[in-house]
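One chain, chain A, links the two complexes that follow: it is found with chain B in the first and with chain C in the second.
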Partner chain A sequence: MFFHIVLERNMQLHPRHFGRDLREKLVSKLMKDVEGTCSGRHGFIVAITGIESVGKGLIREGTGFVTFPVKYQCVVFRPFKGEILEAVVTMVNKMGFFAEAGPVQIFVSNHLIPDDMEFQSGDIPNYTTSDGSVKIQKDNEVRLKIIGTRVDATEIFCIGTIKDDFLGVISDPSATT
Partner chain B sequence: MSVEPFNRLVKLAARAFYDDITTKAENQPKNGRSDNRGIAVVILDALTRRQWVREEDLAKDLKLHSKQLRRTLRFFEEEKLITRDHRKETAKGAKIYNAAVAATIDGQQTGREGDEKVKMHTHSYCCLDYAQIYDVVRYRLHRMRKKLKDELDNKNTVLEYICPNCGKRYNALDALRLISMDDEDFHCEICNGVLEVDSGKLASQEIGDGDDNAKRRHRDKLEDLLKKMEVQLKPLMEQLNRVKDLPVPEFGNLQAWEARASAAARAANGDLSNDPSKSSQGLGFGGTPMPFLGETKVEVAFSGLEEKGNIKSEGASAPLKVLPPWMIKQGMNLTKEQRGEVKEEGKMDGSRAPAGASDEKKSATEKHDEKNIQDEYVKAYYAALLQRQREQEVSVKKEEELPNSNPLSGDYGTSNERQVGMKSKREDEDDGDDVEWEEEATAGNTSKPFKVNDLNVQADADDATGDDEDDDGIDWE
Partner chain C sequence: MQMSLTADSPVPSSSTSSGDDFAALLDAELDSASDVSPDPEADEVDEDEDSGHDSAHISDLERIKRRKVEVLESTGHQQNPTSDGEEAEVSASLEKDECPHPGCIGGLCIRCGKKMDDESGVAFGYIHKNLRLANEEIARLREKDLKNLFRHKKLYLVLDLDHTLLNSSRLLDITEEEGYLRCPQENLPDALKGSLYNLHFMHMMTKLRPFVHTFLKEASKLFEMYIYTMGERAYAIEMAKLLDPGDVYFHSRVIAQGDCTQRHQKGLDVVLGQESAVLILDDTESVWGKHKENLILMERYHFFASSCRQFGFNCKSLSQERSDESETDGALATILRVLQKIHSIFFDSAHEESLLNRDVRQVLKTVKKEVLKGCRVVFSRVFPTQFPAENHQLWQMAEQLGATCTTEIDPSVTHVVSLDAGTKKSRWATREKRFLVSPKWIETANYLWQKQPEENFPVNLETKQ
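Take a look at the complex of A and B:
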């Protein structure tokens, strides 16, 4: 689930950036530092959408670095248990398959794949129904439901299921081409 | 507010879920003798018959070791079936009581000092928490059903993997770390062994290999389990439904309940002088009155005579019933020598328990009442005496033994002096006996002259006249 929230961060800026475009430098550094990181509390920070305020800088003794408290708006993505996501399959093996929904890695074990789909090893490992009409392989898009999340300080990992109504493959790039 | 359906619920739940709970330390060896399964059910059943109860008393009633009981109760507390309360109190009632007796024997009011010396002990009380039990049982059923249903359609289950070499367990959330690029298996982080799916949920068959047959069997088993659960727990669920709309019996916390119970007991027993002192005693000693057991009501017949009164009332209750009411009052009169002792006891109670503060006043009024009763009794007694005397006179007149009736009335006078309640009845009987004996005596009296006459006659016969003896004499001679 995506949220648009305000976060705060203390930015340290090198004295060489002090000048006319100090503010731009600060924002670009913030984006470089923060975007794509993950915090257990808020989830993945997807994008910074704006700066709320930049506080008074404090010069560090000895180094000359200046610390600015910066408030910024950002979009965060945090997966929740029970949430339905669309994800791209990245790897298939006999234990199940891995998929990615943006920054989040999701594992779907073979017990959470419908019983009528069987693992086919080979050049391109995949799960296929007995009549061959549905195939799950690398780069397929699947719709899945998150049934468990592990949220660490710096990473989030999920397990999902496609064993439910309206879940499973939603587009097959190999079929369309 | 009826407790009965809730009690039934508790009993059903106890048998359904706590039948084979054994509260045993792990280090104890399992042998047949220390097997205490079923104790949990017994304790829960016992609790349904009580409200708040001191755990020591409960242990005594159940003939259990208090440690064992406490362990089980702690388990139930964790299960949210009961609420417990611990509070510091003066030592056992028996100790205080002994101190009180000793003080009265000394004749001094040293009871207060003794009270302060008594050590404070922590006593635990426990009580069923019906509202919570209802919720707990419902939640438990819900969880059971949910677990089975989830397993049945393999939904929302986090798979577990186990390393066959080192026994380390992982779950599916660790999958990303476990995957190795060399092959498609998960590998143990420690020993690099190939992980296996741990299907240790409910069905322990080999569902890991993805065999279709095995999966179906697993499914069947789960369905069977679910069905069995529905059937076996049906009475419990029905009871839950029945109880759903009923008001939950609420005992409140220990203090509130105690206050309420003692008030109720006082109201139930009216102004029977004994009751307030008794209830205050109960509070002071930390004893829990148990209105449901009904034993207090039986013992309430006499005022404050705890030990002697009880024995006597048991012994005398049968004859007391058939006696006229004034006789019963005399029973109180009889135990007057114990009065002083009893009263001191009451006073000490008052000093200990705030509830007993009004106790003294009551006992004073009670004493006043008693005086009245005594007066009444004396009047009635004299009236009865008079009547009796008259009857006596009439009967005596009938027998025309007037001179003999005088000593009888004198006898009444002596019996009047001896005010010995129970015995007086016997004395009355004695009086009756007296009369009879007197009659016999009179008969003897009347016969005696005859005998004398006979002797005379015989003497006379020896002398000269007497036809019958003459003949005998003649024969003998």
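Take a look at the complex of A and C:
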């Protein structure tokens, strides 16, 4: 799920950046530092949308660096148990398949793939229904449900299922029709 | 359960009235029976039913009665089946709720998504860094995969890298004589183009064994292939890229040192394939302690001088002589023919239905036994005097190849394997016009899976000091 929230961060800035465009420097450094990172509490920080406030700077003794407390608005992405996500399949093997929804990696084990889909090895490993009408392979888009999440300091990993109504392949780039 | 049964069973309306009478009769019977019943569970069941329906709609009197009929009928067949059935149902539903946790990935159960902390099961780091599978799950996957594989008429093939499919050397160890190898790719002799790689970033030079590309292409039609090396993961991945640039043969099936469950041993426990369908190609027998029967031993491929030195050979390496193994008659081409033979025997046997019961290890043994079939071998001055001959490697090798070994000469002996032409047995062989060969004859037959022309393995007279 996406959230628009306000976060705070203490930014350290080298004195050489002090000047007219101090604020711009601070913002660009903030973007570089936090966009794309993941925090266990909030999930992935997708984009900074605005700066709420920049607090008073505090000179660090001995180094000359100045610490500014910066409050910023950002869009974060955090998967939840029970959430339905659309993801791109990245790897298929006999254990199941891996998919990615943006920065989140999801594993769908073969226990959670409908029973009528069988693993097919070969040049392009895939899961196919017995009549061949549905096929899951690399680069397919699937809709899946999250049943478990593990949030680390830098990574979110999920277990998903497609064994439910309205879940499964939603687009097949390899299909010609 | 009983409710649904009754609801499902279509009872013609015309017969209901008579059925009701009958049911009422049975009802009375049942009540009286339960009154005297010493079994408390039977009472409980009845009470449950009654109370349940008191609180529910009263209109379903008929149904209650019919239910009781069923209860009675089934009691007639079996002693107290209601409670049994209920118990079974309860335990079944418990099992359903409780996930057996077949494995975990990154600390999450792969089936129910719950957090798991225990480090049980076997790690499959080569599939995903944090994947662990329980033994039951591995067995289940293997069984499922085997059927799938047999449908494609394939078996598993585990391939070693160094000295089997290729030979690598550190750039530091390249001798002056081999300096010609250092030039850029386009200036290399034609024979080495596309098979010699200078991997500066790893400080390595790698030479693929002649025929390896054809070998992989042909073998991939018959086998699902794994790479299994004692090298490090990064090295294994680089080598896999050289061997399989299109990533069509191996996918993620590259097993390296870090994935082994036992130090200095390779095991099939991390291979998701039934052991009875796995063939292994490796140049080192000792690492496959538990799986010798699956192993096809390869003659070591030494291209670089450093590799020869490492194994204690003082001869010139292939690179120093600027030559190479034969493309069409080399070890890989020979072994490919053996693999094809084993594969066709495994799948083309007459009794199709027992495919799942077949064992490729048996096929391997049978094919091997054909090599020196009919040969009767006597050894002379090969084993130390006090050594029990039956335990010697050569003796066992010869027996595995189908030869019969004896310790004493008799008229049926066909070959005398000797290190010295001057021994009594050797002289007997020359006199009686039997083959006199050096032990190399057996070793070569073992590598090439073919009886070798005896005249290529002459025995010299040992010079006496």
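Quick notes on this one:
We adopt the following convention: the second predicted complex is superposed on the first by the 175 of 177 C-alpha atoms of A that agree within 3 Å, B and C clash if a C-alpha of one lies under 4 Å from a C-alpha of the other, contacts with A are read in each partner's own complex, and residues count from 1 in each chain.
Simple rule for what comes next: contacts are C-beta pairs under 8 Å (C-beta built on N, C-alpha and C of every residue); 3 or more make two chains touch, one makes a residue touch a chain.
The structure presented is a predicted model; accordingly, all values stated were derived computationally and were not measured.
Chain B and chain C, once both complexes are superposed via chain A, clash.
In the superposed model, A:Asp123 makes contact with chain C only, not with chain B. In the superposition on chain A, contact of A:Lys94 is made with both chain B and chain C.
Contacts of A:Ser39 after superposition on the shared chain: neither chain B nor chain C is touched.
Contacts of A:Asp164 after superposition: chain B is touched, whereas chain C is not reached.
Using the contact criterion defined above for the overlaid structures, shared-chain residue A:Leu112 touches chain B and also reaches chain C. Of the two partner chains placed by the overlay, neither chain B nor chain C lies in contact with A:Asn140. Across the options 181-189, 271-279 or 325-333, chain B meets chain C in a clash only at 181-189, per the superposition defined above. Taken together, the two structures place residues 91, 93-96, 98, 107, 109-112, 118-119, 121, 125, 147-150, 157-159, 161 of chain A in contact with chain B in one case and with chain C in the other. Within the complex formed with chain B, the residues of chain A that make contact are 91, 93-96, 98, 105, 107, 109-112, 115, 118-119, 121, 125, 147-150, 157-159, 161, 163-164.
Per the touch definition, chain A reaches chain C in the complex via residues 81, 91, 93-96, 98, 107, 109-112, 118-123, 125, 146-150, 157-159, 161. Those residues of chain C that touch chain A in the shared complex are 102-103, 105-115, 124, 127-128, 130-131, 133, 141, 144-145, 148-149, 152, 224, 248, 251-252, 272.
The part of chain B that touches chain A in the complex is made up of residues 153-159, 172-173, 175-176, 179, 184-186, 197, 207, 210, 212, 215.
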